[in-house]
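So, here come the structures, one by one.
In what follows, chain A forms one complex with chain B and a second complex with chain C.
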Partner chain A sequence: MLKLQSVITYYGRIMALRGISLHVDPGEIVAVVGPNGAGKTTALNTISGVLAPKSGRIVFDGSEVAGKSTDNLVDMGLVQVTEGRQLSADMSVYGNLMLGAYRRSAADKKSIVRSDLQRVFAMFPILEDRRTQSAGTLSGGEQQMLALGRAPMARPKMLLLDEPSMGLAPLVVKEMFKIIAGLCKQEGTTVLVVEQNVKAALAVAKRAYVLETGRVVMEGTASELSKNPEIQRAYLGKGYKQMVE
Partner chain B sequence: MEQFSQLLVSGIANGCIYAIVAIGFSIIYAGTQVINFAQGEFVMVGAMVAAVLLAKVSLLIAFPVAILAGCLVGAVVGLCVLIPLKRASVVSLVILTVGASLLIRGLAQLFWGEEGRMVPYFTGVTANEDNIFHFAGAVIGVQQIWVVAITIALVIATHCFFKYTLTGRAMRACALNPTGARLVGINVHRMIILSFIMAAGLGAVAGVTVSAGLYARCTMGAALGLKGFCAAVLGGLGNYSGGIAAGVLLGVVESLIVLIIPSMSDYSDAAAFVILLVVLLLKPDGILARKKAVA
Partner chain C sequence: MPIWNRKYETMERSEMEQLQLELLQATVNRAYRNVPFYHKKFERLSVAPEDVLSLSDIQKLPFTTKDDLRDGYPYEMFAVPLREIVRIHSSSSATAKPIVVGYTRNDLKHWAEQTARVLSAAGVAKDDVVQIAFDYGLYTGGFGMHYGAERLGASVIPVSSGNTERQVQIMQDFRSTTLVSTPGFALYLAEVMSKLGVSAAGLWLRVGLFGGEPMADKTRSEIESKLNIVATDNYGISAVMGPGIAGECELRDGLHVNEDHFFVEVIDPDTLQTLNDGEEGELVITTLTKEGLPMLRYRTRDVTRIIRGKCKCGRTTARIAPVRRRTDDMFIVRGVNIYPGEIEAILHDIEQVKPHYQIIIAREAGLEQMTLKVELSGDFIADQMHRLVELEELIKHRVHAVVGLTPQIKLVEPKTLQSIDSAQRVLDNREI
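Moving on to the complex of A and B:
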């Protein structure tokens, strides 16, 4: 579904991605973890066309997409939910959700879009309660749900999620990952998810990549990685627990 | 009293034109943060194209063609702003629009010359009794009714466009959050060009409407552009209803000021700028600005 080969991305003269290769198979959930500043967000932005790579290949759904514009990629079925949420603050919850269906609205019937909207409301009932409220006045967690709820409105083949658990209460994080797993299972949506909550991410993901300073330093199945002592020490906090004991 | 209502009527009619031009400023500002100083030239292009065509064809043909010509010029200016948009600062883009306006005016003078061209009233050959209404002591010309009617129609159409159509929503999304708009698949560049086309189309309508019964000139854009700019700033840039209210108010004040200071009649143009200065000192975000909560 998605394949990156030696992708290099710069910010001006700073090299943020130093040749990244990874792949995501259809219907898979793959996690990307790593410390702050590792280049996780940069990698997602490069895939979604928000940033253009300096070199390397990006193949999505069988075609070369490196350097393509974001609206083309959304058309092809690749939708990103960013770290910063990027909602239209002065627009209502409903308006924001309908914007999610922007590329389809011309082609698809209104009734189909409306039934998708009902599904999103079923996933996040709180959004239905707040449908006329302007997005900027939602709480941080509600905004996060809106950002995530907007993505399925585009009926994507693949979702790129940047820290979907950010700012959410622990119980809601669990709920959120359940929804992501559900999207994958029921709709066959492929998911590439960046997470700081490594434990939660490894629980739903089939495979994962560890990024450090713009490079992939480790990869494997989720169960392999969650047993890896280095991962446990750096991300899962077991070493810390042992140290205290 | 009679003089008052007469001045009020002509003030409202002029103010409507400022309001339309102000909407144009706000549409482009919302999408790009650029104050488009070529807005006045869109007005002129509309007026001149209509004037030239009206010598040969009827208004039913001349008016739409004039709007199309305005839109075309708007698209070109939009492209000129778009190409350096990412690399250039807003200030240099604003200066670019000043350059564009000088170029458009220069080219227009080259093609059409300096002299004014007569534009007939929309309906009725001259201002004879059939085309005049009496109301509260004021004489209202048919053209003034046209001006107000067209303005109301445009305001409603613009409002519905932004509120109810997908493209309108997409344009608003671009203005509110360009990155977010890109993420849902909106082509932000296309929306920016579209905002220039819309602003120019509105400007052209204003140009044709304001010149009817008068002369269209290649130099008419500057003054109308500046008045529209004053209205847009007074209403709060990017705030459509504010700009419309401020435009009408500006027209009325400009017209009525002669009652208070008779010697102002020669300087009534200056009134707009005095008002602008005073209001900006008191309410820098425009007359309709709500107090924003500290974010």
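Moving on to the complex of A and C:
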């Protein structure tokens, strides 16, 4: 579904991505994890067209997309879920959700969009309760749900998620990831999630890449990586002891 | 036979190359970060991990040799702290420094997967009874194949090497269907069977996986007719992993490489340039998933060529031709790697003889024998028989201590071997 080959991206004068390669197969949830400043968000922004790579290939659904605009990519089915605080705060929950469908062609009948809306409400009952409320009045967790709920309205083939757990209470994080797993399972949506909360990400993802200082240093299945001593020590806070060397 | 891991063994070329690129970059990044040896080598060559942007960029990277591993004795080349290493193996050589290899828990898991594929390709399945006659111990052969056979769910007999008569007994009584050993041992086993009056037709044995030393076509057909089995070749090297790197399928048209774990190149050993597919040269292997001891461009000294294209068995992985010779003067007797230089060094230290020698390898009654002809020193007075016998014993003992194999000794008159040229230094009469 998505393939990156040796992508190099500069952030100002800093080489933020030092040639990263990764792939996401159709229907997979893949996580990119790593510490702050490793280049995770840069990677996501490069894929979604917010940043242009200096070199390397990005192939989505069979076509070369490096350097394409975000709108272009949304039309192709590659949708980045915005952070909760980037919603239209003055607009109602309903309005925000309908905004998610705005790029869809006129051929899509209103009735289909309406049934999509019903599916979103089924996944996020809280959004139906708050449908007339303006987005700005929602709690942080609810805003994040709205941002996530807006994504399926664009009927994406693939979702890009940037730190969905950021600023959320642990219980809400759990709920969020459950919904992401459901999206993947029920809708067949492919997901690439960038996450600092390694434990939560590995619990939901099938595979993961570990990014450090703009480089991929490890890749593997989520279960393999969660058992890896280095990952446990660095990210999961387990069994930290003085290293014997 | 059955493809153990369809996803990786029949992967589309473009997908495999994507996976290899990802794994290569991650391996290079970890080796650069965690192994000072590689960090220094990269700096000396002025290459950085981010210079590897395609698979062919691997040619920019430094080679690793057996000497590098020796210099790093024992743990210098490890990429993880020792407490993450769950297994340590070592080369048989007792000379200066042996090479030491370490595996993490994940490495062992991958090893089992790799050898399971090799066994499965040869036709072994869960109903088989697998007799593993490779040495268990510091050598990687026994354990490596053991894990794979267990992963398949086969019944594994870890009989290890030696004690051939007992092996025949076990083969009969335990109904072994699969033999895992060196080709040399298989021939010897056949010889012992005929001595004991055991007919191959009465055995359950149907397939053999042979490795650890070259298997000539003639040896293969001899094993097949004498043991009444299908003989397959497989390739491994301890510095890289052990067995599990590549193995033949039932079509025996090259050894399928586990390409999602190992990246193979063939180079010209003199110019060190990478050769095209199909050209014969030295096999160079880079590990793609190994955590404990990643190897970048390890020079195996084994001569082969790379065969591309889908095999009729359905596998799409690259294949290597069976290894028949090496680029150095190492030779293998009964699965033991021997360098003439080691023998020469031993003789240098014994004053009654000159370091002029000749090694003759032959197969006697199925068993490989190494005979060492040694020139007596001119000052040595062989006035008494027991002094000659003592000297022979001394050489035998020293050679065994260093190479792990006892040769037969033939002492010869002074000045009879001194003019021997290097091409005649090792006479191999085994018809490999």
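In this section, the second predicted complex is superposed on the first by the 234 of 245 C-alpha atoms of A that agree within 3 Å, B and C clash if a C-alpha of one lies under 4 Å from a C-alpha of the other, contacts with A are read in each partner's own complex, and residues count from 1 in each chain.
The rule is simple: a residue touches a chain if its C-beta (ideal position, glycine included) is under 8 Å from a C-beta of that chain, and two chains touch if they have at least 3 such contacts.
This structure is a prediction, so every number in the text was calculated from the model and none was measured.
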item	value
When chain B and chain C are modelled together on chain A, clash or fit	fit
Contacts of A:S6 with chain B and chain C, given as first, second, both or neither	second
Included angle at chain A between vectors to chain C and chain B, based on C-alpha centres and rounded to the nearest 10 degrees	150
Chain B versus chain C as contact partner of A:I112, first or second or both or neither	neither
First, second, both or neither for A:L22, with chain B first and chain C second	second
Chain B versus chain C as contact partner of A:V172, first or second or both or neither	neither
Which of chain B and chain C A:A234 touches, first, second, both or neither	neither
Distance of closest approach, chain C and chain B, by C-alpha atoms in Å	28
Touching residues (chain side chain C, partner chain A) in the complex	15, 18-19, 21-23, 25-26, 29-30, 33, 49-50, 52-54, 80-84, 104-106, 291
Complex contacts: residues of chain A adjacent to chain B	48, 50, 69-71, 73-75, 79-82, 84-91, 95, 98-100, 102-103, 105-106, 150, 154
Interface residues, chain A side, partner chain C - complex	3, 5-6, 8, 15, 18-23, 55-56, 209, 212, 215-220, 224, 227-230, 241, 243-245
Footprint of chain A on chain B - complex, ascending	166, 169-170, 172-173, 176-177, 179-187
